[in-house]
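Some structures are shown below for you to check.
After this come two complexes, each holding subunit A, first together with subunit B and then together with subunit C.
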Partner chain A sequence: MAQERMLSGCAAAAQGAKLAEVEVICSYPIRPYTAIMMELARMVANGELDAEFIHGEGEHAQVSVVLGASAAGARAYTGSSGVGVTYAFEVYSPAAGGRYPLQMAIADRTLDPPGDFGSEHTDAMSARDQGWLMGWAATPQEVLDNTLINFRVGEDPAIMLPQFVCQDGYFLSHIPDKVIVPELSQVREFLPPYKAPHPLSTECPVSHGPQIRPDQGAPMDAQRAATFLEVPRVIERAVADYNRIFGRNYDPYLEKYKMEDAEVAYFIQGAHANTCKAAINRLRSKGLKAGMVRPRWVRPWPTQQIAEAFAKVKAVASVETSTSYGGAMRGGNLVHELRASLYDLERRPLVTSFMAGLGGDVILLEDFEYMAKILTQMVQEKKTRQHVYWIGFEE
Partner chain B sequence: MPIKVPKDREVPFGAITPAPVGQQELFITSNWRIVRPVIDHEKCTRCFTCYASCPDSCWSFNEKEEKMEWNWKFCKGCQICIYECPADALSAAPELDFEDGVVRLEKPF
Partner chain C sequence: MGEAFDYKKQILEPIKSMRSAPAEEMYLPGHRTCAGCGPALNYRLTAKAAGKDTIFIGPTGCMYVANSSYLCTPYAVSWIHAQITNGGAVASGIEAAYKILARKKKYTGAFPNVIVMAGDGGSVDIGLQAMSAMMYRGHDILFICYDNEAYANTGIQTSPTTPYGANTTFTPPGKAIPEGKTLFPKDPPQLVIGGHPAVKYVATTCISYPVDLMNKVRKALNVNGPTFLHMLAPCPKGWKFDEKLTREMGRLAVDTGMWSLYEWENGVYKYSHIPKQYKPVGEYMKFQGRFSHLKAEHIAKMQAFVDEKIQRVKAIAVEAAIPTPKARA
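Presenting the complex of A and B:
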């Protein structure tokens, strides 16, 4: 029987990894993600999980160790936060280029300087162009579910890509919520054992990670791009199977909240979406038709689905939880791809962005109401006055 | 919008190949060489300093002919062997001086 338990995002990620029967785990401490490794270490010590638990000497080593484990044919799991995510950076591109479907959990933490523990998505967002699958959860339940869904998608023989499974630090990683922990037999039905196509082996020796020539670089890039075109099909099948086997109701790409008749809408990633939904309820009780779209994937970016979701909306607020200093909109990251996704619509909504949830800041109901006020103003004036608003720092 | 990579330009999945015995024929990497080491077998004392100093293992000993052999497929022309040779048996010659010089290649290999 599936069990309902109170689990934090970190505990839920550990449960997901345990249910996925990961074979190799590599840890290195940095908060907040480190609670995932504490849970997994306990499970291995108690004999609940039969996995090789390796202490890396740093994050670069962590990802290198799981890359090697994956190359040898093991289902491998690691994770990090903040500057730990950036310290491992060099290994991200070979992990994707070499097609190792390992999984890395990220519980966001603000990047240095000079050391801020709070959640901010810039750490993981910086790695979005490294060829991995990537997406954010909004609840501990979704963390567990995404852990399993990502292994299934990443290990699909047509895909074979590593996955960043992200969650907000603290807001999600350390606040417990009800989580349905499924049965192992259900998980085994959903997630077949990992089979590496060309594992390192003494019986059939292969060479991984050789030097390729410059003229081989472009076709390899094109082959990887072609693989990403296949990912949506695999995500849709995996999510449909997940919903059927575990009785969930996930949209493969987007969580849409009260979008049917929405005139203004928020575009927001991660756990701040929960506050956003409460704000929408308040705004609606005051007569404003507000809605929300939350992407479950950043890579692949659900371009088409986002365009469809906002096709009838008049104004959209991209709530940025990461920074891109000097970027096209002078604020965050999401708005660039959001605007690009909406460009081909016949009637494009007005778009602006709000810098919020940075450095561990909570996004308050009042902040969402402030955004709604700006959106309403934009609709009335039929124009976007500013591309970005820094919440709390506007005149 | 399908992406089409012509068969003759396809790279093996993840650049994973059967393990090479001796050398990796699928990824020859010497096309950026500008000069190559040329050996004077009369001067060579078979001391193996070139063998030991080459970062790409491009020197080997041909036991039958009892002389050092140079591997053109992986030599990048770094000239370490030339500087290290105690017998002064090696010299650098521009790739352009050779009919098969890699600088003359129209396609990398």
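Presenting the complex of A and C:
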């Protein structure tokens, strides 16, 4: 029987990895993700999970170890936070280019300096162009579910890509919530054992990762781009199976909240979406038709679905939880791709962005209300006054 | 869980002579290494000795770039490229995967020989951390440093094993720095021996002594746990010597004391070849353009460095445990 338990995001990730029967795990301590590894270490120590648990000497090694394990045909799992995510950077492109469907959990943490334990998405967002699948959960339940869904999508023979399974540090990683932990037999129905198509083997020798000529580079890039066009089909099938087997109700790409009649809307990823929904309830009680769209994936970016979701909205607030200093909108990252997604709409909504939730800051109900005020003003004036608003720093 | 499981360790028999070495090549012709390449011979002999149940991990270096150009590779066994930074870590993951797959009965074949073939940079410079951690954790992996004493692939830049006085593109001799490289090199086997209690077997060898080399590879692979081989790999391009003298350079390195052939097994040193009379280092250096700018005082400094090494060798009893073919003049 599936069990309902109180689990933090980290504990939920560890349960997901255990249910996925991961075979090689590589750890290195950094807050806050480290609680995932503490949990897995305990499971391995007491015999709940039969896996090789390797103490990496750093995050670069963590990703390297799981890359090797995946190349040899094992299901492999690692994770990190903050500067740990950036320390491993060199190995991200070989993992994706080598088509190793390993998984890396990320519980976001602000990058240095100065040292800051708080959540901010810049760590993981910096790696979004490395060719991995990537997306954020908003609840511990979704962390567990995404762990399984990502292995299923990443290991699909048509896809074969590594996955960043992200969650906000602390807000999600360390606050327990009700989580339905499924039965292993159900999980086995959903997630077949990993079968590497060309593992490093003594029976059938293979070479992984030889050098290429410059003119062989572009065809490989095109092949990887084409793979990403295949991913949505695989995600849709995986999420439909997941919903059927486990009784969930996920949209494959977006969580949409009160969007049916929304005139203004928030675009936000991660756990701050929960506060956002509460703010929407408040705003609606005061008569403002507000709604929210939360992407479940950043890679692949659900361009079409986002365009459809905002087609009838008048103004959108992109709530940025990461930084892109000097970027086109002078603030965060999400807004660039949001605006690009909406460009082909016949009636484009006005779009601005709000820098919020940086350095581990909470985004208050009042902050969302302030954003609604700006959106209302934009609708009235029929224009975007500013590309970016820094919450708490504006007049 | 893991400890009680029998991973079916294979035992490789000693090789008595070149004639009785396996005929089958696991490192095939068709690669793009330079004429007279020492590292390519290292690879060939190592692969021959290890045999077909082998997986090579090749961190970036000459043996990546020149061997795997244009999607072609010369390996008749499985091989994977690793970054120059992470040979030890990628190998650790491969070895761990085979352990769990064997334990879960998903893999039932012979446990593979997992061999990292790293250059000096990929071993004791940028690759040191990954190598050290792999040894600390006790993985069943043979880590080989094929040492051509420079970053040769990128145009002969100094590495931590480049000898004192060498002219490299990062240590060019000039008016202010006449000797070129002013530092003395790291000692890779001593780095391994000094700080890795899980390592039970370390040895040095050279392509000029092929039977010695192949037997050390086999001996290392027979050990259940991490092992390390330091292989001198003369590099005509980097050292600037006539490409037909590759084998000779290795012999002169041993004859002058610039290099020595030894084993370290469970704390005990054994030298497999000690010259009766050491030649002066100049006999070795004079063939190599990288030393041609040096003055007598610099060569004397090198001689003093080598003399000190020779004193340490002389303090240890010789035991020619490994058959070595006679030198052919």
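To be clear about the criterion, the second predicted complex is superposed on the first by the 395 of 395 C-alpha atoms of A that agree within 3 Å, B and C clash if a C-alpha of one lies under 4 Å from a C-alpha of the other, contacts with A are read in each partner's own complex, and residues count from 1 in each chain.
In this section, a residue touches a chain if its C-beta (ideal position, glycine included) is under 8 Å from a C-beta of that chain, and two chains touch if they have at least 3 such contacts.
Please read all numbers here as calculations on a predicted model, not as lab measurements.
Superimposing the complexes on subunit A yields a three-chain arrangement in which subunit B and subunit C clash.
In the superposed pair of complexes, A:Ser207 makes contact with subunit B and with subunit C alike. After overlaying the two complexes on the shared chain, residue contacts for A:Gln216 are found with subunit B and with subunit C alike. Within the superposed three-chain model, A:Ala76 lies in touch with subunit C and out of touch with subunit B [touch as defined at top]. When the two complexes are overlaid on their common chain A, residue A:Ala137 makes contact with neither subunit B nor subunit C.
Once chain A of one complex is fitted onto chain A of the other, the partner contacts of A:Met160 are limited to subunit B, with no touch recorded for subunit C. In the superposition on chain A, contact is made by A:Ile54 with subunit C only, not with subunit B. By the touch criterion defined above, A:Leu350 reaches neither subunit B nor subunit C.
Contact with subunit C, but none with subunit B, is seen for A:Val91 once the two complexes are overlaid on the shared chain. Shared-chain residue A:Val313: touches no atom of subunit B or subunit C. Comparing subunit C and subunit B on the residues of subunit A they touch gives the larger count to C.
Among the candidate segments 1-9, 163-171, 181-189 or 235-243, the part of subunit C whose C-alpha atoms clash with subunit B in the superposed model is 235-243.
Overlap of the subunit B and subunit C interfaces on subunit A comprises residues 205-213, 216. Put simply, subunit C touches subunit A in their complex at residues 1-2, 52-55, 57, 64-65, 68-73, 75-83, 85-86, 89-101, 103-104, 106-107, 109-110, 112, 129-130, 132-133, 137.
If you check the complex, the residues on subunit A that touch subunit C are 23-24, 26, 47, 50-52, 54-58, 60-61, 64-74, 76, 90-91, 94, 193, 200-203, 205-213, 216. Per the touch definition, subunit B reaches subunit A in the complex via residues 1-3, 5-6, 9-11, 13-20, 24, 26-29, 31, 107-109.
Interface of subunit A with subunit B (complex): residues 97-100, 160, 197-198, 204-216, 219-220, 222-223, 225-226, 229.
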